[in-house]
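Next up: some structures, all given as C-alpha cells.
Shared between the two complexes below is chain A, which pairs with chain B and chain C, respectively.
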Partner chain A sequence: MTDTIVPPPAPPSEGVATNVIPGSGKQLAWYFLYGTVGLVAIILVLGYLQQEFTVGNINQAAVDYETNSINLVLSEEPPQLDSGTATDSVSGMLLGHVMEGLLRYNANDELIPGIAHDWEVSEQAARFHLREDAFWSDGTPVTAHDFVFAWRRALAVETASQYAFIMYPIKNAEKVNRGELPTEELGVTAVSDYELEIQLERPTPFFASLTAFTTFFPINEAFYKTRGDNYATNAEDLIFNGPFSMVHWAHDASVRLEKNPYYWNKDAVRLDAINFGYILRDSEARLRLFESGAIVFAGIAAENLDKALEKRWLIKEHNSGAVYFTEINHRPERLTANWNLRRALQLVNDPVELVNKVVKIPGFQPGESIFPTWIKGVDGYFRDEYPMKEHVPNPVLAREHLAKAMEELNLTSPPTLTLLSGDNPTSNKQSEYFQAHWRKHLGIEIRIDRQIFKQRLAKMQSGDFDLVLAGWAPDYDDGLTFGDLFASWNENNRGRYVSEYVDKNVRIAQNSTDPRERMEAFNKVQHRIYDDVAIILNYESGSLYVIDERVGGVSRRVIGADPDYAFAYLIDEES
Partner chain B sequence: MTDQSLSFKPISIEQDAEVLTRPSRSYWEDAWYRLCQNRRALASLFIVIFMVLFAIAGPWVWTKDPAVQNLDQTSVPPWANRAYEIAEPYTPMVSPPPARTSTATNQIDEITVLGEATSIFVRLQWSIVPNASGYQIYRNIVETLPEYPPGVPLARIRGANETFYEDRLDLRPRTYWYSIVPIDDDGEELGPLSTLEVDVAPSTTIDDAEKRGWLDPDKTYQPGDTVYSPFAPLGTDYLGRDLLARLMYGARVSLFIGVIAPFLFVVMGILYGSIAGFIGGNLDAVLMRFADFVVALPFLLFMILFKLAFGVDSESSGIIAMLIALVLLSWPATARLVRGQILQIREEGYVSASRLLGTPTHWLIARHMIPNTLGVILVTFTFAVPSTIFTEAFLSFIGMGVEPPTPSWGSMCNDGRKTMETTPHELIFPAIFISITVLAFNILGDGLRDALDARMRAAE
Partner chain C sequence: MLTYTLKRLLQGVVTVWFIATVTFFAMHALPGNPLESEKGMSETIRANLDKKFGLDKPEYVQYFTYMFNMVKGDFGLSFKHENRSVNSIIRERFPVSAILGILAIVFAGLGGVLWGALTAIYRNRWPDILIIILVIVGISVPSFVFASVGQLGLVFLNRFFGTTVLPVAGWGEISHMLTPALILGLGTMAFLTRLMRSSMLEIVNADFIRTARSKGVPPTQVFAKHQLRNAVLPVVTVLGPSIAGITTGGFVVENIFGIPGLGQYFVLAVQQSDYGVIMGTTVFYGAFLVFMVILVDLLYAWIDPRVRLE
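Let's turn to the complex of A and B:
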C-alpha cells in the first residue's frame, strides 16, 4: 500500500447551527466559573463583615456550653424597665430576672424568702427582716430604706403609676396616691437598715404574696437621683439586686443579662448569661429561630401546630392563667357608652366558636367570667362554688338591642366602630374574625386599628378606641387581682367603666377577711360585669410551647415572671 | 452584427419608474405591526388583558363574598372533600356509660370512641386505672410512635374515675392518634401511653350548616343527609375565606393602584417636565432641584409617616392613602425624562424650520413635541405599572398597605406565609398572580419600547 491520502476533516454536520461562534461553549464555561467564584467571594466577605459588625456577638446559638449561656427571643421591646411603673408582661419577665423583692416564688409557685429572710403578717401590720448579705450590683447593700423609697415613689402622684392601686392595702396608700397626704404619711417605715415595718389599711391575708410583685421591688435612692428622668431607660440607667444584671439593652434589637456577682443567692444561679438576641413580634419568625437552633424557647401558635407535630417536637402546655376580653370604651362621648349597643355586641359573641375554630390551641377555655377557673374560692375553686350563668349567643335578640341602640343614638344605620388591636398574627386573625362576625350578625362595620404594643398601650390609656382586644394576667394569688380590675379607681380600667355597685363590692372584698363574704362580693362583681357589658369575655388563655431539651429548670408560672430562667441550667451533653 | 433584435428601443412613457409595493403606514400602525411581530409581547398583552378581565369581570362570574368566613373550612386546599353528613344537633354528654377497670396498674388497656367520631366532636372513654390521680390526653396528626413525643397535650383530667373526654378542638376530617396516660398527683406519667387511631368523618349540624349558608332553602334536611360546603376552586385561607374571590378582589386593588398611580404620576411628570423643559432658564433649575429633593425622600419612611397621618379613619381601607403617597413620591423620574426629551426636541432642525415658517406654539407642541415624546412616555408608563404593583404588594406584605378585610395580593402572601409549610396553596396562588402580572407588564413594556422607538427601526 502506498501512502494514502488523508481525507480532509469532515465538515460540521448539518444539525449544528451555523451561527454559533466556535469556542463559545468554552467561553460560557469560563463566564460561569468567574461568576461562581465571584459569588462565593462575595458570600465570604459578607459573612466576615457580619461577624465583625455584630454588636458584642449577640446572635449566638441557642445553647452555648462554652459561655454557659442560653439564647432567647423577646416578643416585644419592653416599653420601660422601671419597676414602679411597668405594667406589661415582657417588662415583668425581665424585671423578675434582674430584680428581687422581699419575697419571690419558687418553681412550684410557693412563696420563698427573697431579700427578706423572715416575715410576719398580722391583721394590722406586717414586718419583714431583710438579709444583710443582699447587695445592689454597684456593691451597696440593699436596705429597708430602698423599699420605703420605691414604694413612696410608686404611690406619688407625679409618678402616675398604673399599678399604684396594688399598694392600697398599705395604710394611707390610697390617699397618698390621690395626693391627699404627703408620701411621708405612707404606712411604711424602716425600723432599721434591715427591718421593714408596714402598717396595713385593712386586714390583707395575701399581703406577703404581694411583695413578690414588680411594683414592690426596691429602688436604690442614691442611684435613682443620679439618673433622674433617665432612670430605667437604658441598661446603664439601672442597677440590680436580682440573680442577673442587664449588661446590654439595644432598643428594639436585643437584651443581654449576665449573672449578678452581688446577688445574695448567687450559688443557686447556674447560668452565666441569658441572651435575648432578638425582639420579634411574629410568632412564626420566633418558631423559625427555634427550628434553626438559635433560641431555646418558642411559643406555638395555631398556624404552626401542624408543623410542630409533623416535626415531632416535644410540645408542652402551660396554663397561663390570664383572661382575655374585648374591652369597651365607656367614656360618655363614645357610642359604646350605650348599653343596648354593648349588649348587642355581647349577645352575638360566641366564645366557644372562638376557642375551637379560631384560637385552635388546647388549654384555652371559653371566657365566661372575669374570674378564671383556677381562682380559689371558700373551699375549692371559686367558679365551681359560684358558677356563672350560661352565655348563649342570640343574634335575634342582639338585633333588637341594636335597633334600640340606634334609636337612642339617633343613628339611621348600624355604627362603625374602631377595634384597637395588637400588630401580630394572632391579634390580626382574631380582629378579622370579630370584624366579620359583628358585620355578619349586626351589620356593624369594624375598623381595625393595628398598633404595636407600646402604641396600643398608649392609645388604651388615652381612650382612643371603641373596642380593644385586651387581656389581664394575675399579679398575685387572690381573686382580687381580677376583681378590682373594673373598679372606678383602677388605672388599668382602660375603658373607664364606672359602677357604684361594683366599687362597693370590690371594697367589701378588699376589707373583709371572711372568705365567704369576699366570694359573695366577687360573685356579685362577675355577674354585674356581665350584665352591664363592662367587657365582652373571650377566653381564658392556655399556651403551647417548645423548649430545647438541653435546658432544665425553666419555670412557667401564672403569677410573676414567666417564663423564669433565673435558676435554669444546661443539661450536660454527656448525660 | 446586424441583428436588429439587439438594438435599443425607447420605453413607453406610461410605465411608472417606481411602485410602492407596501401600503404606507402611520407611526402607530407601524408600532402596532411591530408589536404583533413580537410574540412574547403579544402573549404578555393577552395576559394583561386576562388579568384586567379577571379583576373587573371576575367577581360577576364568581360571585362569592371575599370577606365571608367559613370557620369549618379553614386553610383547605383546592382538592379538599366538601361533602358533610348532617348529624344530630349537638348536646353535651351528661353521663357517659360506666367504664371498666384496666388490668395493668400503670397503663390504660382500652380506649374506645363513644358514638361516631365526627368533625363536631370525638368522645373518648378509657378503662380506669385505680391508682392514678388523673389522666393526660395527647392528640397527634402523625402516627404516635414510642420513640417520639406523643403530640399536642390536649387536656389533663383529674380523678381516677373520670375516664371520659370530649374533644371539639378544631377537628378536621382526617386521621388523629389519641394517646392517654395515667398521671400521679404531681402530673408525672405513671406508665406507657395507650394510643388509639381515630378517623374523623366530615360532619356538621343543621344549625351550623345553616349559619354557614350551606343549605338549600327549598329543601328540608334530615340527619344523615349530605350537604356540601361551598366549592373553593383555589382552596380557602386561614379564616375559611374563598381564595379565588379574594384573588379577584385583590387583583382589583393591585391593578387599580398599579395602573392609576403610574397614570397620575406620569401625567404629573409630563406637565412638570414639559414646563421645566419648554420654558427653561431659572425656572427649569428651580423645578428640577425640587424634583431632586423629592427623589431624595426615603420611600418607606415617608410611606409609614403618611399612613400615620392618614390614620385609620380613611374610608377607602388605605388605598387612597397609598395612591397619594405613591404619586407624591414617584413623579420625578417621568418629569426628568420628559424634560430631557423636550430640551432635545426643542433644538431639532425641523422644529426650528417649523417655527421659521410661522407655526404657532400650540401647534408646535401638539404636532412635534408630544408625538415625539409619547413613545418614551408610554414606555415609562408600562414599566411603572409592574414596579407599582410590586411596591403595593410589598407594602401590603409588611402590613403598611390596605386595611383588612380588603384583600390585596401582597397581604394575602403575608397571610399565607405563616402556614407555607403545612398549607402552601395560601402563599403560592397570590405569589403566582403577582409574579405573572409583573412579568407580563415587564415583557409588554419591553415590546412596546422596541415597537415605539424610531431609532430601533433604522437598525433593521
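Let's turn to the complex of A and C:
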C-alpha cells in the first residue's frame, strides 16, 4: 500500500542540499514501481499458499434465506468437544446443539423428553425409557448401551474428567472414579436396548435434571473404538444424535453445523444450518463484526456498552446465573476469623451502590442471598417463597462492631487486611472501590493483592488472603449447586468456613426428596450464611447482548447450551 | 566456512537446549496447578488429572521425560485442548502465522527502504518531515490501537460502499490478510524507515560516492549502485531477527482479526499455564529465532570473509 504512492516531483537541483545525488528521486520512483509489482507477485504467491496449506473461515451472510441459515461467532476455539471431559461454556454450547441426553430443556427452562420419552425417579433408583426412533448421524440407533458406555467412561480414572463429580449421585460412582472399583460396578444398567436403570448412591431429587448435562450425553461405543485417542479432535472424529451435525471444524477458524436428518425430532428444527464463521477472542472485534452485518448475535461487555447505546441497538438482558461475593478467610490464625470484624465489613457493604455506581451494567442485580433469583422453589422461585431479610448498610453500627473487634483482637487501630483480586479491569475497579469504601467508613486499610488467574486460584487454595473477590456459576439446575458451597467438606469453600448448622441443613437438602423440607433447609442456610458473615454478597451477574431482528426462537439459559439456537428460525423478510 | 557453519550450528543447539531447560523450570516455578480451574477439585479428580498429564511424578523425572520426547520430536499434549497434540497445533497454526508474518515483513521491508530513501533524498523538506512524523507515530503507538482503528476503518469502508471491500475479520482469502499484515508490519516499517534514512545520509558523504561522482559515473547509477545498495545492508541485518519477531508477535493482530495463527497459543498458554503448549511454542519459536540469527550470520560470513576469522 505504501509503495503505490507516487513520489513528489524531484525538487529543482539548485535548491537541494549539496549531499543529494541529482536524479535520485526519479530513480526512486522506478523502484517504487518495481516494488509494487514485486509486492503484488508476493501477495499472489502467499495467497496461494494460504489457500493450499491453511484452514479458513466459511463465509456467509449473517442471515441467509436461500440456505435457511445464520452466521455466528465463537469467542474461542472449543477446547474440548468430548462430552465426557468438556468443562467450558463454548464446548458446552456446541455440544448442546449436536448431542442430546436423556432429557433436555425447552425455551422456558422446563425439563422435556430428549432421547428418553418417559422416566421415573425414586429414592433409590431412576428408570428411563428411551425412544426407538432416535439415531446417530451414521444411522445406527441410540440405545441404553451408549449411555452406559459414556457414563462408565466419564468416571474411569484414565479419562480424568473434571466434571466426574456431577455423576457421584450414581451408586459406586465415586469409588469407580477413585479406581477402587471397576467401571462395571457403576450403578447403571441397560435393562434392554431401550431401557436404562440407575441405582442411586443417595436420594437425589434433581437426578432427572442432571441427565440434560453434557457429561451425561451418550457416546457410541463402536464409533468411539474406531477413533481411540483421536475421539472428538475433529469433526470427522465425532458422531451426533442431536438436532444438528457438525460438518466442518477448522480449528481456530470456524465451525459449521447442519441439520441432522437422523434426529428424532427433526421436524421441530427449523434452521438448515448454523455457521460459526469466525472464532474471535476480542469482544470488541466481535461487536464490530455484528456492526458490519456479518453475524446475528454478539455479547456486549462492560467496556462496549456506551458504544452499543450510541448505536441505538435493541440491547437485551440475560441473567447469567452466577453469584459474586467477597469470600472471607475463616482460618483461625486470620483476623477475619473474628465475627465482629466481619460483621463490621458486612454492615458497611452496599451492593446497591456497587451495582449502580461501580459495575454500572444493566442486568446486574445487587446480591442478597447466596441463592440467586432464578433458583426454583417448591412451586415457583425459591427467593419469592423464602425472601431474604433486607440488608441495610449501617456505618454507625458497623463502627461499634469494629470497636468490639479491636478490643477482642487487642488492636489499637483498625487492622490492615489483604484483598486478593484478579488482574483485569473489572476486578481492579471493584477492588479499588472496596478499598476506598472500607477506608472511608471503617478506617480499615486494604492491601490489594492483584494476581493473574492461576496464581489467584493457588492463593485461594492455600488460604493466603483475608478477603477475596470470588463468584460461583451453577453446575446444575437445583439450589444445592449453591447450597452446599459453604459446607465444611466442599473444596470450593476456600475460606474454610465451618458451621455445623449449615452442614446439617445441607445434608437435609441432599438427602430429602420432600421439596418443602429441602427449601426450608436452603432458607436456613441462606440466613445463617448472612448472620455468620460467611461471605459478603455483592451481586448477581447479568449479561447484555444484541441479536439480529430477523432471527427468532433463540433461548438463553443459565444451565446448559447457551445461547441455544437449536430451535431458532428466520423471520420472513416480508412480515 | 564449513567449520564456521558447524560451530554456529552447535552453538544454536546448545542455545535451544538452554531455552527449553529454563522455560521448563520457570514454568514449573509458577505458583498454581496448570489443571486448576475456578471450580475446586476433589482429591480424586485432581489425582486422576495429574496422572493423565504426568504431573504425579517428581519434577526431574518430568524434565527428562520431556527432553527425551522432545528430541524424538514429540511435544506432548495440550493441557487445555486435552486431546490435541502440541505437534498438531504447531503444524496447523504455524503456516498461518508464517504467511501473515512474511507478508508483514515484505510490507515493512519494502516500505521501510522506500520511505527511508525518500526521506533521505528530500532531507529537511516536507516529504521528509511528514514521513518522520508518521514514523514516530508508527513506533510509539501500540499495535492493538492500530488493529482496532484499522478494523473500525474497514467497518466504515464496507458500509460506505455497501459491500464487503475488505473483510473485517477472518482468514482464508487474499483479502483477509492484507489489512492485518500491514498493521502487523507497521512498527517494523517505521523502525526500518528510520534506519534506512540514517544509513542513506551517512553513505552519501562517503569517499567512494565522491570518487564515483568525480570520475563521471552517471548520478542515477551512483544512487542506485552505490548509495542505495550500501545503505540497504544494515536493513537486511535487522530483517532476520525481525522476521522471527513478527511471526511470533502476531498475538494482538491475530486476536482482533480472528486469524488462526500460533501467536495466540504462544501468549494464552502462559496465562492458562498450559505446560504442553508453553514448552512446545517456546522451544519451537526459540529454535526458529536461533535459526534466523545463524542464517544471517552465515550470510554475513559469506559476504564478508573478515567475519569468519573473528
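For this structure, a couple of remarks:
FYI, the second predicted complex is superposed on the first by the 313 of 575 C-alpha atoms of A that agree within 3 Å, B and C clash if a C-alpha of one lies under 4 Å from a C-alpha of the other, contacts with A are read in each partner's own complex, and residues count from 1 in each chain.
Throughout what follows, a residue touches a chain if its C-beta (ideal position, glycine included) is under 8 Å from a C-beta of that chain, and two chains touch if they have at least 3 such contacts.
Because the structure is predicted, anything quoted here is derived from the model rather than measured.
In the superposition on chain A, A:284 makes contact with both chain B and chain C. By the document's definition of touching, of the two partners only chain C reaches A:292; chain B does not. One of chain B and chain C touches more residues of chain A, and that partner is C. In the superposition on chain A, contact of A:454 is made with chain C only, not with chain B. By the touch criterion defined above, A:428 lies against chain B but remains apart from chain C after alignment on the C-alpha atoms of chain A. Of the two partner chains placed around the shared chain by superposition, chain C is the only one that A:44 touches, whereas chain B remains out of contact.
Common to the chain B and chain C contact sets on chain A are residues 284. Chain A makes touch with chain B in their complex at residues 284, 301-310, 312-317, 353, 355-358, 360, 362-363, 418, 423, 425, 428-429, 431-433, 435-437, 439-440, 447-450, 544.
The residues of chain A lying in touch with chain C in their complex are 1-3, 7-8, 11, 17, 19-28, 31-32, 35, 38-39, 42-44, 46-47, 49-51, 53-57, 59, 73, 77, 79-80, 82, 85, 87, 157-162, 164-165, 174, 177-178, 229-233, 250-253, 277-282, 284-285, 288-289, 291-292, 294, 452-455, 457-459, 461, 473, 475, 490-494.
Only residues 67-69, 71-72, 74, 139-142, 148-149, 151-155, 168-170, 238-239, 312-313, 399, 403-405, 417-419, 421-422 of chain B touch chain A when the two sit together in their complex.
Those residues of chain C that touch chain A in the complex are listed here as 30-42, 44-45, 48-49, 51-52, 80-84, 89, 92-93, 95-96, 99, 102-103, 106-107, 110-111, 114-115, 117-118, 121-125, 127, 148, 151-152, 154-155, 158-159, 167-174, 176-178, 182, 189, 201, 204-205, 209, 213, 218-220, 222-224, 227-228, 255-258, 260-261, 264, 271-273.
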